[in-house]
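First the structure, in the form of C-alpha cells, and then the observations on it.
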Amino acid sequence: MTKLDAVIQDLVIANRILAKEEVVDAYGHVSIRHPDRPEHFFIARSLAPDLVERDDIVELGLDGEPVRAEARALYLERFIHAAIYEARPDVHAVVHAHAEDILPFGIAAATPLRPVIHSGSFIGAHVPVWDIADKFGDTDLLVRNMDHGRDLAHCLAVNKVALMRGHGFAAADRSLIEVVRMSVYLPRNARALLRAKHLGGDIKYLSQGEIDARNRGYSPYSTETWRAWEYWANKAGCGHLVTKPGNPGSQHEPESRKP
Amino acid sequence: MTKLDAVIQDLVIANRILAKEEVVDAYGHVSIRHPDRPEHFFIARSLAPDLVERDDIVELGLDGEPVRAEARALYLERFIHAAIYEARPDVHAVVHAHAEDILPFGIAAATPLRPVIHSGSFIGAHVPVWDIADKFGDTDLLVRNMDHGRDLAHCLAVNKVALMRGHGFAAADRSLIEVVRMSVYLPRNARALLRAKHLGGDIKYLSQGEIDARNRGYSPYSTETWRAWEYWANKAGCGHLVTKPGNPGSQHEPESRKP
Amino acid sequence: MTKLDAVIQDLVIANRILAKEEVVDAYGHVSIRHPDRPEHFFIARSLAPDLVERDDIVELGLDGEPVRAEARALYLERFIHAAIYEARPDVHAVVHAHAEDILPFGIAAATPLRPVIHSGSFIGAHVPVWDIADKFGDTDLLVRNMDHGRDLAHCLAVNKVALMRGHGFAAADRSLIEVVRMSVYLPRNARALLRAKHLGGDIKYLSQGEIDARNRGYSPYSTETWRAWEYWANKAGCGHLVTKPGNPGSQHEPESRKP
Amino acid sequence: MTKLDAVIQDLVIANRILAKEEVVDAYGHVSIRHPDRPEHFFIARSLAPDLVERDDIVELGLDGEPVRAEARALYLERFIHAAIYEARPDVHAVVHAHAEDILPFGIAAATPLRPVIHSGSFIGAHVPVWDIADKFGDTDLLVRNMDHGRDLAHCLAVNKVALMRGHGFAAADRSLIEVVRMSVYLPRNARALLRAKHLGGDIKYLSQGEIDARNRGYSPYSTETWRAWEYWANKAGCGHLVTKPGNPGSQHEPESRKP
C-alpha cells in the first residue's frame, strides 16, 4: 500500500466512524490535506459518509474545485474545507458536521461552549460562533463559495472549532485522527456542560493551563490516540481497514479484533 | 418497473425509513397522492410501518375510503391524509406520527415550535397547534372521520406542519422524499430548541428570509435531497429497493451500497 | 397449541418485548393470571426477562408461592403480583419494572405524573406514589413479602399504575397486551411531561373525558392494539412466536414478517 | 479451568459489559485483585475494553508496574487501581471510567451526587469529588503516577465511588460483579437525580438506613446479583464465556441462553 493509498483508506475510515458515532448523518463531511501537495485535499464526492468507499474520494484544490475532470456531484459546502486549508497551513484535516448536541450553543446566546471535560480539552478555550448572516444577510445558511468559506475561516482564526449558528460546526486539526476524536468528543462536552448548567451553581471549566497540558500530552499516533481510532473503526465495522502507523509504505496486517 | 410500481416502492421505503428513524413506532403512517389521479392516494393497510411491504399498500379516495373492495383493516386515522389532500392540491405526500420529541411543544403553551436549525427550515416559520378538543370536546384524540380531518386541515392551512395537542403531528409536502426528510428533522429541530431554552438567553431563530432562501435551494430530486434518501434507505435495510430518479419507467439498478 | 400453551407463549413474548423496549433490564417482571384458575398466576423464575423461554415460566398462588415443587430461585418481589391479583379480580396481568424515565416522578414531590399524550391515557388520571418507608421504615425497598405487597396494592387501589418511590412502578390491567402497551408508553408519557415542564407555561393534560373516551375505544385484541403487539414482537426478535388471537385452541401460522 | 483462568475470564467479560453498557468507550478500565497474591492485580494492556481478550490481560503490582517483562503499552492511569488496592485491603475490584452522565456532578458545585434509586444505593451516602488541581495544579487531568493515585485514594477514603472533576469516576468494591453493577447503575442514578431536579420541589434521597439495608441484602453471587451479570454478558455477546460460580476449579457449561 502506497502512502497515498493509506491516506485515502484512513479517510474512508474517518467517514464511517463519524457516521457511526452520529457526528454526521446524510450530511457533513471530513477531508484530509494531500501529504505531498499542501495545495490539494481529499474529500468524498457528494455522498452520505456512511456509504463512502475508496473510489468516492476526490482531490480538490484550495479553490474548492476538482483537480481532475469530475462528472460526479460534489459537496456544496466543500468551500469550508478549502478556505480553512488556505488560511491555516498548520491544519491537515477538517470536519464539518451538524452534530445535534452542539447546535443549542450556536442558537442560545447565554452560554459559550467551553471545555468542561478532559476529552473536550482539544476544542481549546475559545470556540467562536460564526453567523453567516452577519456578513451575508439572509442565505440558505450553506457555505456555497469561497467568500462564505473565507469568512468562516476568518472567524475560526487560530482556534480548533467554530460553531456555525443554526447549522453545525467546523473543526480543524493537525491530523485526521485528532480531528475525528475532537469531533466525537465535542458533542459530549456540550452535553456535559448543558447538564451541569441544569444542576446549577458554579461551573468548573478546564483552566488554560490544563488545556495546554493536555495538548502537550497527546500526539496523533500516541498509544492513547490510536486506541480510540482502533476502537471506533471496529465499532463502525471497518476495523479490517485499519493499518498500523509508522510503516505507511508497506502492507499491514488488519487491526480488526472482532471478525 | 412502471411509474406506479416505483411510486409504491418509494412508499414502502418511506415507511421503513420513518420506522428506523423513530418518527413512527407501531403507530403513525405515510401516504402519497396518486401521480395520475389526484383524487386518490396510497397508504398502507393497518400495519406497523416497519413491517409494510408492497402488498400492504391500498388505494383510497379523498373520503378516506378504499377505491376497491378491501377486507383488511385500515388505519383509523386515514382521514388526516384524505382531508389534507382534499384541501391542498399542492400537497403530494403526508405523514402523521407521534415522534416523541415534538410532543412537549403541543402540550406546553409557552414556547412555539419554530425553525432554529437549517435542516428544520422546511417546517416553515409558523407551526400551528391543533387541539381536537376546541371543536369536538372530549374525544379519544383520534382523527376518526372527515369532520375531524377537515378541522385539522383547516388549522394546517397553508403551512407544512401542524402539531396535534397531546398526540403528534401532521406534515404535508409536495413530494414523498421531502415530507420524509421534514419528518425526520422536525424532532431534531424540536430538541435543539428545547435545549437552547435550557441554556437560556435570547434564541436566534431562522429568519423568514433564510427560510425562503432554503426553500428556493432544494428540490425533491436535487443531489442533496437524494443523498439523504439513499442514506436513510440503506440504514433502514432497504437500500436495495431504491431506484434512481428521472427514469421512472424503466428498471433501475439497486442503489444499495452495503449488501 | 392448547389455550394454556398460547398464554405461556404470550408471556414469553411479553418478557422479550419489555426487555427490547428497555422497560426492564436484568430486573423487572411480568405476569399473567391463570385463565381458568384465577387464584394462580404465571411468571418467570428468577431470570432476566430477555432470556426467558417457555420452560422458565412457573405457576404461583396468590400467596406468591409456587403451586408445584420448584427447585429454581424465584423473583424476590413476586409478592407485588400476588397481592395485586388478590386485591383486584379485574386484573389479569401485572408488570413491575424500573423504567428509568418514570423514576424522577417518584422522587421529586412537585410534579405528579399524569397523562399528557394520548398513548399515555391508559395510566389513568391518578397515579399514586407508594413509599415503602411510610409503613415499613428503613428497608431495602424490595417487596419481599405479602405485607409489603398488600400495602402496595392498597395504595394502587382502583388505579392502573402506582409509582414506587426510588424504585420503579407496578402496572395492572385486564390483559397482557394492554399492560405491556401501558408499560411501554408510561415512560414516554413521563418524558413528554418532563420536557413540557422545561418549556414552561401551562401544561395541557388529558381531560377525564378524554381518558374515558380512549378507554372505551380500545380492547385487548382490537386492530390497533394488536398492531403494536405484532410490531414489538418482531422488533424483539420473536415475531415467529406470535399467534393470531380469536383462535387460541389451534396451531397458528407465525406472524413474523421479517425472517 | 483453573481458578485463575476463571478470574481472568470474568475480567474479560467485565470489559465487554462495561463497553456494551456505555460505561467505557475507548477509554476507561476495570481491574481485579489477584485472588492469592493480594499485592498483585489484573488489568488489560492499553486497549479499548470492547476489544479485550484473555491474552490482553496483564498482572501488575501495587506500584502500578508489570510483574513480568511486558513489551506492550499499559494504561497511563493504571495508578488509580494500584493506589486504591494499596490503601484499601477490602477492595477486590476497581473501575475507572468517563460515563457521560456522571460528569455534570463533578463539574457543577450545587448538587452532590447521592443515591435516589434503589439500584444506586451501592454508591453509598457520600460520593466525594476529587479535583486533581487541588494538590497538583494544572495537569492533563490524568492519574499518571502513584502520587496522583494516592491522592485520589485518600479522597475516596472509605467510600465506594469518587467523582473526578472534569474527568470521570473511580469505583471500588469487594468483588468484580459488584463493581461492574455499581458502575452501570451509577450513571442511571445520576440521570434520575438530574431529572428529579428538573421537576423541582423536594427530592427524596435514600436514607442511610435504606442504604444499609440494601448492603446487607446482597452478596456477590446471590441470585439477584448473578441475574444481572448473566444478562449483561449475554447482551454484550459473551454469554458463552460465563461460568457458574461456586465451582471455580472445574470446567463449567456455558451460560449463554441465546446462541
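In order of appearance the chains are A, B, C and D, and numbering begins at 1 in each one.
As a convention for this text, a contact is a pair of C-beta atoms (placed from the backbone, for glycine too) under 8 Å apart; a residue touches a chain by one contact, two chains touch by 3 or more.
Computed from a prediction, not measured in an experiment: that's the story for all the values here.
Removing chain B only, and moving nothing else, give me the connected sets of chains.
Once chain B is set aside, the chains that still touch form a single connected piece.
Let me spell it out: compute each chain's centre from its C-alpha atoms, then which one is farthest from chain B's centre?
Farthest from chain B by mean C-alpha position: D.
Taking the mean of the C-alpha atoms as each chain's centre, how many Å separate chain A from chain B?
32
If you average the CA atoms of chain B and of chain D, how many Å lie between those two points?
45
Please list all residues of chain B that touch 2 or more other chains.
In chain B, the residues touching two or more other chains are 197-198.
Name the graph shape formed by the protein chains and their touching pairs; answer line, ring, star, complete or other.
Its topology is that of a ring.
Any idea which chain C residues touch chain D in the complex?
So the residues of chain C in touch with chain D come to 25-27, 46-48, 50-51, 53, 73, 76, 98, 100-101, 103-105, 107-111, 131, 133, 137-142, 165-167, 194, 197-198.
Per the contact definition, I'd like the list of chain B residues that touch chain A in the complex.
Checking each residue of chain B against chain A gives 116-119, 121, 188, 191-193, 195-204, 206-207, 209-210, 212-214, 216-217, 223-224, 227-228, 230-232, 234-235, 257-258.
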